[in-house]
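Some structures to go through are shown next.
Next, two complexes with subunit A in common: one pairs it with subunit B, the other with subunit C.
Let's turn to the complex of A and B:
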């Protein structure tokens, strides 16, 4: 925190964001689509890393929160007929409520035991989606009445804008005193309580913020696709993608999560010609990255604060 | 005026009455010492006061308010702080950030730290002598600085009462003196202090009153003189330690003519810093040799080199063969066992499982016999055989660490600060046990210690190490006159 707020790395990042914002003038609609998806995955990854990297919570179910946001928004659009700009907040709210439901177990259970709870939460969600296929569309998915926009440039800006705002908010948060307390609560609950912090309050905050961005991104994702389906917002494959993106980018780093997500999605696109093999290849690639840079991409830039002095 | 009034608090862990009807009180500006054998319930008592563990029964009044069973953070906010037996810094944050944390208000509405907090944090760091390492991360700090950091965190917010769990453990005498002065300055500023430590000399010099515990119960209370001369306290806690003057024990075993270990390290580097330089040291079969020196002088690095955990320039000969390039596992099976300062226990395994893992290379019958021998040495471990290592008291963990190293049936035992956190009586038991092992099985011991008394008592020879290089070596009985007992 005593590092200056604006150093050269910050400069590079700001330039990169500005350059990316100009991309619609240079690249095809197809690549804008790829970047749109990358941006949403980046938000998932950042939100997940807030709990995992900073908060120390082993959450194996990021798609529980994303799925609640996605289906909350989708169903309010399809069945209640509410417009996009009402449905998205509805979905986000559903995710935040889901996040709050996880706080109790998170306070009581440690590490892998809490991880189990989050796995079960995802399982429950997909069961419910299957059981009430009449309302949710089941395996096939739910076709929405509306979409965000048909313009690929418009969609790109929605996604990229969300990603930028998320990154800014989270950066301010984790660099603030609040972020310090949050990390302390994750590392050692007893010692943090003994310093006079009611850990519960800070855990609630972390879960609410993570759930808010997960849910919001989930809701916007389905209005981008025009459908909500388990394969895109609930499936285990999505969870794995989020976890890989965060880890190869660099745990406990906001920019790292973004880099990881973009790498994962773009690499997947390049490897599309090899068909079924592509996801395996991406996973192997990710492993290679980890072998050579155990702390993720971001460590290559020397920005890791975890390195031993 | 009474600031803390504890009356009949009790705590049970399963079948074990860890704290049994303990009562005492602390006045403003008073320092109360809490002593007792390992596992007698001292740390648990502090945890009960701080609200980390809920008392089963009893009342705790802090500044007139009942706080028994209240949340830890609520108690902390009333003006209580605790230094835990083990340092618990945030490893990813700097020293300054760690101290700042202790000063932040308990609210989610704060995005920027005020200048005042920064200032206060720097002040706290200055008070404990950490001003030069503010931007370092805790894992690069020597042990004593970690304890300083804990102290800084605890006193930063200016608490009305401070609970200190073994602040002196692992500190050299000079560091202990510094810490004592700090505690005196806090008392003079009107802060009340409850102090747990096995360094009775340091405690006696500091406290107004001592409460002695055994098996969860209070067995004595009074001035340091009263308590240290109490019959019962002497029997369960001090043993003969108060009577024996610092002298070498009578040594009956024979030292062989065979050179077991021959160290010739030119240097060891951590990054750019040189941790060891020109270390020439040898140990004969059956000998007891000590390496003494302050925290951070290089003792642990020396041991880590012996075991192949760090790279060094030079050579180390073990039983006539070079250890260069050998893997730690091979060195261990070759007959060197380490009892590490940081304990490195398998925390989620039971006492028995830890011991069995230590003796994994022995056959079944042998292993069982060895476990029995360890249990004879440390009867307390037999009582706790099924308990997980992380629920053991600090001293019990130390016993287990030594026991696990002995399970390897080593020819050479490397002891890194074995007396850390142990009650005087237990240190005496370990002394006896080491004597016996040397007599019966010709065990060779290389000891790293800050407890000079212990080192001088046992050693044939002593090496003094300062900032990475050897300053003196010679027979143990010449140490006090040539180097002086005050050197550390």
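Let's turn to the complex of A and C:
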């Protein structure tokens, strides 16, 4: 197992990030927009993979966290009139608190039950958004007073910067003792507990970290769009997008999540002319990767993988 | 008074359809351990194909219904052979990761089905014609005969399912497979064949539920995910793999939903069920009627 800090793969990744950072000089505003969205989805995917790939828990409610971040930020901006840079931390805080409230009891449940509770949490959140349409804008969405910036280059750098910071933080985290314990508890809970680690405590911590980045990205996403709507930050379709991105890119890999997210969004753009069936085609593609290459794109680059016993 | 009767009759019918829809899902989970998220989409396949055959191709509701059920069985086998079997045999997956991958891939399969259904049939909700015309008056409430027939058919199918599982050799083998697949293999049964048959049975039940649903309240490609959620709520409330528990849970949910729809607002039909599910999952994660 390779745990050194710098090998040729890291070099390639650093070069790729540097090259991407130079893109605003070469590509159109349209493609910068696509990359902006890709970056936010990549943050969602990385945050989700911390639980799935590393922690071994399937959270079907990433959009519960993202939605809390988005609506927390959006409502504090619209109703309290707080500026963007106050509203974003408010949204992030809402996601962390909501995540804590959800995960504390939910982690007592094993396997599919945990996934189901998180899924139900999302369904309830969307019902609440519809019930209080006067405050949340309901299906149509909540129009915000402010946005991050009108410049597509600026928006790209905000999103790309967030993605880079998230990737760095998570990389340091998963290679730290904390990350190793989390990974161990994902793979063999009993053995990890037998070693004296409180698995639940580490998973709650992982969930909170995941909630932090999901909420932060959710809050920034709505200030990019200028609206918070269920379709973009709460819908089950968004969850599916996150799951697909993580798995086809390669789970238990930070770069994998980024690759998956960029691929998914860019492929969606290329398939747009196909019309109605474009999202179906993306789903077919994702299903093929999932069934026949469950380790995702990243496995092509020779990352370590354990085989079925 | 009329309102109470109306709620009770509506509960009887919707509960029967819910129960039928959830029965297949819980059997599949019991035998193969798979939570099939494509459930709602397969139900809707039956609804829409039945509608198309009955009304667009003028086959009539009975023949159309049969074609719809056949379509559901066929779709189920496509899922089984293109997703379930390859993933179960994949050598790239650790065995403890398999359920998650099956979970996610059945969800993707559902998305694909939904996209294709919308493409073929459009997204407008459709209803199949009534099987029989006429109305009856029950304690002052007018009820279409067709609705009653739907409830009766659903219950007849559930009864037949119970007879099949408890009184036939094949049915008992399926039950045994949910308890101890190894034991069953030791006494000489082919587990692969049993799985094949269970998926067929599942498709049949989902198909019948879909055709009845289309005749009672109509269906569209958009409701697939909601159907999946409702069926899941029922299956989890009743205890995963517990068929009788699912029946009871279907009625509890049908009642709560109907009362909410009548007294508060039809758009909140699903809320009490979700709240109940959260409470039950925290207090009794094995479900209301689960054992261990």
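Methods note: the second predicted complex is superposed on the first by the 295 of 309 C-alpha atoms of A that agree within 3 Å, B and C clash if a C-alpha of one lies under 4 Å from a C-alpha of the other, contacts with A are read in each partner's own complex, and residues count from 1 in each chain.
Heads up, the rule we're going with is that contacts are C-beta pairs under 8 Å (C-beta built on N, C-alpha and C of every residue); 3 or more make two chains touch, one makes a residue touch a chain.
Computed from a prediction, not measured in an experiment: that's the story for all the values here.
In the overlay built on the shared chain, the residue A:205 is in contact with subunit B alone; subunit C does not reach it. Residue by residue along subunit A, subunit B and subunit C are tallied for touches, and C comes out ahead.
Look at A:80: by the touch rule set out above, it reaches neither subunit B nor subunit C.
After overlaying the two complexes on the shared chain, residue contacts for A:12 are found with neither subunit B nor subunit C. Within the superposed three-chain model, A:165 lies out of touch with both subunit B and subunit C [touch as defined at top]. Of the two partner chains placed around the shared chain by superposition, subunit B is the only one that A:184 touches, whereas subunit C remains out of contact. Residue contacts after overlaying the shared chain place A:140 against neither subunit B nor subunit C. Look at A:194: by the touch rule set out above, it reaches subunit B but stays clear of subunit C. Counting contacts by the rule stated earlier, residues 187, 305-306, 308-309 of subunit A appear in both its interface with subunit B and its interface with subunit C.
Of all the residues in subunit C, the ones that touch subunit A in their complex are 35, 82-83, 86-87, 90-97, 99-101, 103-105, 107-109, 111-112, 115-116, 118-119, 225, 229, 232-233, 236, 240, 267-268, 270-271, 274-275, 277-278, 281-282, 285.
On subunit A, the positions that touch subunit B within their shared complex are 1-2, 172-173, 176-178, 180-181, 183-184, 187-188, 190-191, 193-199, 201-202, 205, 252, 305-306, 308-309. Every residue of subunit A that touches subunit C in the complex is listed here, in rising order: 52, 56, 58, 105, 108-113, 115-117, 119-121, 123-124, 127, 130-131, 187, 236, 240, 243-244, 247, 276-277, 279-280, 283-284, 286-287, 290-295, 305-309. Contacts from subunit B toward subunit A in the complex involve residues 50-52, 71-74, 76-77, 81-82, 84, 88, 90-94, 96-97, 100-102, 104, 106, 108, 110-113, 117, 135-137, 139-140, 153, 157.
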